[in-house]
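Structures given as structure tokens follow.
The same subunit A turns up in both complexes below, where it pairs with subunit B and then with subunit C.
Here is the complex of A and B:
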């Protein structure tokens, strides 16, 4: 028993030293209310623990005002594709084969915005003082989220499929990621809603992979994970 | 009537403050619309989609503007491009430069937090 345990440690060590790339740090970015925390929680629930949350998601924008990092998430595509017979894993010839296992650190970030006005929070029933405090924290959060970019290997840029993708936030962040050479996957979220138009996002940013998903309902998540395994390995 | 081309806000009269920029968003391009008689022109202006993405002020150096308590305007371009944080506090040209953000170079900078007063 003891020897077996030691062997396990040894083989893990060898694997860690020779077969594993260092953990990729992935940031989930996007405008407020795109569903970043919902996606982060979905990833944790699927691959780590159903009862663990990275953050609280609400309809109030700027709910996440500090970047939250969760280390060592193992994305195991094989086990997930077993559960889903409709998996497209390896089904598309010519595409780079997705690595079956991927170790990630995921950072859920505050929503990127160009203007933060406390009046916006008052519309959700917050008192003026509380709304102002939230606006201040949200502003700090945007700066913190941008600072995190220096330490990140790839980003999942989340967009709301029901909204116009041609926003300053989306364009600036994509342009900057291209300049830095950071890989970007665009997740066109909220496809479960009737007025979702992920095609608009696909047309707007043809230079990047766009995966239509619903983080809330768990739709098409597998394709996103596969793309992550392909891009961020 | 004057319409700000940045935020779309309409103003009945030109005020002194507007000479320095739109009181709402700081934009400095206005379009004059004749009241009543030139409705088609006004319609035309309304059809101009005001989008944030149009960079009207190329010379902006500040990464953050505090327009009033609880109202902040962030210049994502500057924040992404520059290492340091420059704040514009008032429209009278007062700036604050956050020096630590300019000097921190090592990996520790991710852990460094700065706070708004």
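Here is the complex of A and C:
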């Protein structure tokens, strides 16, 4: 597997040097209920169409059980919806310059988990048969999300700021991306909630940029988009 | 109910191929055991283990609980040194606290 990792880095290097892709594929990853689909929808509403959704987000875990790709999203930092007098764009010395426009394919992925128990879904009011069906689909979704990592050029790893960030799935995703040399941005989501503590995430993963956001309320999204334009160009 | 714990040395783990290693771990966990690996699994192996686990999740086996210390960077950041990994059945093992160098887990018999 180590040899595979080295091979992966080598093939990415060759691709980057000789077959530079015009559009980067960015995966939104994270545990169930971190707000991945809410973020994907927020990106679409901001840069594509206010009435278009990538998926449905609910409080029931594993609502997204199939990866959904939206191609050709243009992250335009100078668009009207992005006008921000406090923009940090290019303002911090020593930081890599963010591109004003970036074309991306965004992939909203099912939540990664090491366990899926149908009883958990029944606690949300689902009938037993429906809960079992959802559990089965959720296991397939996890596998699909893992397979997508092979085709992803960068990831936005979403974490819930109200929860302990040191989960094994977070560590596994970051470890895999580091082994592949794939850029990672951590979005510390749900900062609008009273018990949010994004600093815990910043302390836990100091080697990666951590942007505190609320995908639901649209808080601090400009900084996330600017970091995406900086990392994924 | 008693719960068996298998503590596997780094030498034994290193003598196995990747798939053999994952099969060994998952078979142990599906039998109800807690498996502790000295030296741990790499992040890539852990991802493969999650994938393999998902193919075997059913009504009686909801999956695994896995905890491990993050890998340490080696000389010039070139080589990552994995550390201990603990894997158990999700039905009996629950991680209650996890920090960079501390894992606290609850084991409860069914």
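Rule of thumb we're sticking to: the second predicted complex is superposed on the first by the 209 of 233 C-alpha atoms of A that agree within 3 Å, B and C clash if a C-alpha of one lies under 4 Å from a C-alpha of the other, contacts with A are read in each partner's own complex, and residues count from 1 in each chain.
Keep this in mind: contacts are C-beta pairs under 8 Å (C-beta built on N, C-alpha and C of every residue); 3 or more make two chains touch, one makes a residue touch a chain.
Fair warning: this is a prediction, and the values are worked out from it, not measured in the lab.
Visitor: Which term applies to subunit B and subunit C once both are placed on subunit A by superposition, clash or fit?
Guide: clash
Visitor: Does the superposition put A:151 against subunit B (first), subunit C (second), both, or neither?
Guide: first
Visitor: Does subunit B (first) or subunit C (second) touch A:113, or do both, or does neither?
Guide: both
Visitor: Tell me the contact category for A:68 with respect to subunit B and subunit C: first, second, both or neither.
Guide: neither
Visitor: Going by the contact rule set out at the top, does A:216 touch subunit B (first), subunit C (second), both, or neither?
Guide: neither
Visitor: Which positions of subunit A sit in both the subunit B and the subunit C interface?
Guide: 112-118, 132, 135, 139-140, 142-143, 146, 149, 166-169, 171-173, 176
Visitor: Which bits of subunit B are touching subunit A when the two form their complex?
Guide: Result: residues 25, 51-53, 63-64, 69-77, 79-81, 85, 107, 109-110, 112-116 of subunit B touch subunit A.
Visitor: Quick one: which bits of subunit C touch subunit A in the complex? Just the residue numbers, please.
Guide: Within the complex, subunit C touches subunit A at residues 18, 42-48, 50-51, 53-55, 57, 59, 62-68, 70-71, 80, 90, 95, 97-100.
Visitor: Could you list, by residue number, the parts of subunit A that touch subunit C in their complex?
Guide: Those in contact with subunit C are residues 1-2, 4-5, 112-118, 132, 135, 139-140, 142-143, 146, 149, 164, 166-169, 171-176, 178-179, 204.
Visitor: Which residues, counting only subunit A, touch subunit B once they are in their complex?
Guide: 112-119, 128, 131-132, 135-136, 139-140, 142-144, 146-151, 166-169, 171-173, 176
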